[in-house]
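After this come two complexes, each holding chain A, first together with chain B and then together with chain C.
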Partner chain A sequence: MPIVLIDANNFYVSCERVFRPDLEGKPVVVLSNNDGCVVARSAEVKALGIAMGVPWFQIKKLAQKEGIIALSSNYTLYADMSQRMMTILSDFSPIQEVYSIDECFLDLQGFAPEQCRQIGQTARQRIRQWLGLPVGVGIAPTKTLAKLANHLAKKQPKYAGVCVWEEIPEQKQAKILQQLPVTEVWGIGRQWGKRLQDIGILTVWDLQNADPRPMRQRFSILMERMIRELRGESCIAMEEVAPPKQEIQSSRSFGRPVKTIEELGEAISLYIVRATSKLRRQNSVAAALRVYIRTNPFQNHLPQYQAARTVVLSQASQDTRIFLHAGKLALTQMYREGFAYAKAGVHLLEISSAQSVQADLFGDMEAKKRANQLMATLDQINARFGRNVLQPGVAGLQETRSWEMKRGNKSPAYTTQWKELARVKVE
Partner chain B sequence: MHNPTNVFPSGTNRELTATAPQALRGSFRRTFFPLMISRIAAGFPSPADDYVEKQIDLNTHLIQHKEATFILRVSGWSMRDVGIFDGDEIIVDRAITPSDGKIVVAAINGELTVKRLRRVGESVHLLAENPDFPVIVLKEGEELCIWGVVTRVLHSV
Partner chain C sequence: MKLTMDREDILPILANMANIADRRPIQPILAHVLIEAAGQHCRFIATDQEVQLSVDKDHPVDTPGTCAVPARKLYDICRALPEHTPLEFHKDGEKLLLKAAKSRFTLHVLPAEQFPYLNIHSSRCQGDCEAALLREALAVTANTMAQNDARIFLNGVLLEVQGQEMRLVATDGHRLSMMTLPFANSLEEESFQCILPRKAVMELLRIVNGGNIHLSLSDTSFVLDDGYQQFACKLIDAKYPDYRRVIPQGHPFFAILDRQSFKSALQQSEVLVSDRNPTTQVHLGKNLMTLSSRNEEQEEGEIELSVEYQNDEMNIAFNSRYLTDSIQIFSQENIRMRIKDGNSAAVFTPLDSDNPVYILMPVRL
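Coming up: the complex of A and B.
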């Protein structure tokens, strides 16, 4: 059962370039929320040795010297382009697993390697033409090998963007695996990488030839599965429907230091509004709320403080008002005066399906029903008239929210807002 | 007499013959079913029920390939004579292969512009549709990047 993994090259940067052809061939980075860290790099930037995730202020000088163009992240655009890409790719197989914003697996059961190559090439060409996005395609008998093949398709020009693992002669395969560090294997992070190194497993080849049973005892069943997958035995199934998230969070850095409890409260309330609307969208309830605040650890000449509180609810809920109340409680407990706060966030914990909620012995069923109706109405109004049109007053008014994050150089929402359509000069 | 083409013995349900294989997903994802507008009543049904059709949907009328279609806003007058005016919105379908005579969005010197694509012998010309603007003739070795094919203009009157 050949598995295809398709993912976009430098997805965020590529999305920006679709509407800004002048950025083609130039070094471009996309920065995280609040213009904090580098979250996407063009090939030109990678060639300069700039790592993923570095704080922008650390490379600002180098960027100026090299003429790097830095853009604020435009998630509205990326999400729309992602959705288009996934829909186009869903035409190539009835079994698709969308793995992240810019990659998906397709199951090509029953196709020979040669046919798979053709399908892979067509898919790649179509995404290029229809959306203007460059993608890499890896095809192999298992998901883990498809990931590796995809890596080769991107790194080695001779594959022209499509690498079919089974078309590589066995001797050559061995040679490739001997050169790849074990951390290139899907699911092996830095921690496991270190532990594997300690027992002499350095390359993917070493791991493939390790005995799966003792490795399972030493690490976990996941390790055994990885080894088997590397040997061509499919152990990780396709997941077509994303399981509901077990933890929902909403957090942002502030655009400027925030000092008062009023402003912090406004921010935390807004994050709760966002998180609980996500919660309802996946039809779940949460039984606990964790709130945290902290100062900026990079400014260590200023007094530092960070704190977090978890509030457990008497009953799992999806009612924004209950969480707002809990959030206020948490904040009053941990707030200290005299600090310049840089970030706050909320996590919804103990998430479960709304259908399986146990009735509260002391609960008022009628009030609960009314609460559900109120929340449903709120969601409907916001779905119809735009995000955050209607929300609890404690979250503050958009106009006066001066603490909101900076996105100094964000491109327009080209594909989702009439007011922000891309412009063509017709001169 | 024995009929060799009939694999089913007489009397079995002919409806069960296999149909042609069909893509599981494709361009048929959205289907509209007309609704009957009148309530079921004991009296006469509405004489209009037989004439109910689906409502006009501008999306299906204007957009052929949903995923490959983008809307851009025009600024400038060089395509005036084909009815593309300053401030208009154009619908651009990237799934259509650009060919001679089509109006296209092209990236020239890093900027998006609209022109009519013309093949003249071996060379490619990009024509404005307004005599005040020059023809762009692509020289050999110059790379032309066609962004998409313009299919419609949205112009408010």
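Coming up: the complex of A and C.
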């Protein structure tokens, strides 16, 4: 069964370029929250040897010299573009697994390699034409091989963005695998890469020819699956339905140091509002809340403090108010005066489906029903009139929240806000 | 101190002592068993400062004395020895020499003066009951105690004395179990309540056997004496919620289930429940119960069983693990399940009595 992996090139940068054609051909990076590290690089930046994840301040000088354009991350835009891309791709197969924000697998069961190539090319053109995003397409009998084929499609111009593994002659395949380092295999990270190196497995070819049984003993069943997948036996099934998240978190670094419990409380409340709204969107309830605060560990000349508290609820809930109360409790327990806090965050834990909720002997069913209605109304109003239109007062007003993070060079929300739509001038 | 004892006489005592003694003690002495030997009498005591067990044994002593010995090590040694080996204990300074046939062991001991006996206050209520019944009531309620709940009073079993009866109640908020037994007592007030902590309940299940039992209850401690051993524990210092408020009254419908076939049906349905939300849906129709379950992979199971049921059709869902507990609690052949609707608790009792009771809140779908 041929599997297709479609993956956008430099996804964040490509999204930005759709609305800023002037960035085409120029070196562009996208920075993480608070403009900390490089999280996406255009081909031009990769050619300069700038690695993924480097802190922005380290390369600022080089960037000035080379004319690198740095953009703050605009996750609203990327998430929306991703959704559009996945919707277009879902037309090509009834079986789709959205694997990450910028890639998905399609199952093309029943199609011959030649037909697969045509489908791959059509998909690639359609994404380019309808969305303006460049993508690479890898087609192979297994997911692991499709990942490798996708890698080839992007790296080697002769494939023109679509690589069908089964169309490559066997001898050529062997040659390719002999040249690829083993860490290019999907699922092999730095640690396993090193351990494999220690036992003389350096290339994908070496791994493909390793005896899967003893390798399973030495590593884990995942390793045996990987080897078999490289040999063309499909071992990793398509996961069509993304399982609901087991843990939801919301955390941000502050734009400036925060000292008072009031401001920390405002931040934590805001994160709780965001996290619980996510919780309700996936129709889940959570039974515990973890809150943490910390100072900036890189400013080690200042006094350092970090703390975390977990509050266990007597019953799983999705009511923002209950979590706000728990969050306040946690903060009062751990707050210490005299520190410059740099970051706070909240985690919702012990998440389960809200569809089947164990009723409580001591609980007030009616009150709970009313709370659910209140939360649903809140979500509906925010969905209709815009995020944060209606929210608990403890989270503060956007206009007065001076601690919010820096996103100095964020592009507009081109696709999700009427006010920020891209304008085209025709002369 | 010097004494000789047969392995079979001491092994069961040491097994219980090793359970009580702390495995990871905050003070070294809490991992020890205290041996007091004088005249014709030996006493063994262990405590973790929450619970305490002491066992008296009539046995001639060669030289009287006391010492505290590492409980787990002593038990492990005795367990490994051949049956009916005579054991000779001899305390020599800070060491205990243990001779057993061809084996010799030297263990460190701690001075007996350090041993932290549990404080026991004078009782407010004393009385007697049958050990077998108390054991049954503990077994019924142990299943439904909470574990590590923030509401500390739920992490144990409520003991309520009223008239010449004692009632044990436990709930984790989702279900509640309760059993009443005769308790001949001296209580002057109308009623008395105390909460036994979880660990005490588990230990009592291990050590309560047959015969008659004498209980002394105070506001802070619980003491059980069966003439051979004395078990004491601290109580949970909290007020138990008003459990009577949550016991449904006057449920209009009921089904009568055969316990064995219900058990078999539940075992079948359990295979395909979801790990994270183990839910079994119960459908009741005329003399027929249908259990259905479904897991994350959308696999499904449906099991029919004959029951006695004459009322309207009814759908109600439960956590399947809790439902399975309903069959563990009863020993009778037939169980009565009283219900009202899909949102109200179900009440399980034996067919011919209201004791014990198991109340289970449904899962709302």
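Note that in this section the second predicted complex is superposed on the first by the 426 of 427 C-alpha atoms of A that agree within 3 Å, B and C clash if a C-alpha of one lies under 4 Å from a C-alpha of the other, contacts with A are read in each partner's own complex, and residues count from 1 in each chain.
Note that in this section a contact is a pair of C-beta atoms (placed from the backbone, for glycine too) under 8 Å apart; a residue touches a chain by one contact, two chains touch by 3 or more.
Here the structure is a predicted model, which means the values were calculated and not measured.
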| item | value |
| --- | --- |
| Chain A as common anchor, with chain B and chain C clashing or fitting | fit |
| Chain A residues touched - chain C or chain B, whichever exceeds | B |
| First, second, both or neither for A:381, with chain B first and chain C second | neither |
| Which of chain B and chain C A:365 touches, first, second, both or neither | second |
| Partner chain(s) touched by A:355 [first = chain B, second = chain C, both, neither] | second |
| First (chain B), second (chain C), both or neither touched by A:308 | neither |
| First, second, both or neither for A:132, with chain B first and chain C second | first |
| Centroid geometry (CA): angle chain B/chain A/chain C, rounded to a multiple of 10 degrees | 130 |
| Partner chain(s) touched by A:426 [first = chain B, second = chain C, both, neither] | first |
| Which of chain B and chain C A:84 touches, first, second, both or neither | first |
| Distance of closest approach, chain C and chain B, by C-alpha atoms in Å | 22 |
| Contact set on chain B toward chain A in their complex | 23-26, 65-68, 70-79, 84, 86, 89-90, 94-95, 105, 107, 110-114, 133, 145, 147 |
| Of all residues in chain A, those that touch chain C in their complex | 243, 312, 314-315, 352-353, 355-363, 365 |
| Residues on chain C engaged by chain A in the complex (per definition of touch) | 149-151, 171, 173-176, 241, 246, 276-277, 279, 296, 317, 319, 343, 345, 359, 361-365 |
| Contacting residues of chain A [partner chain B, same complex] | 19-24, 84-85, 87-88, 90-91, 94, 129-132, 414-415, 418, 421-427 |
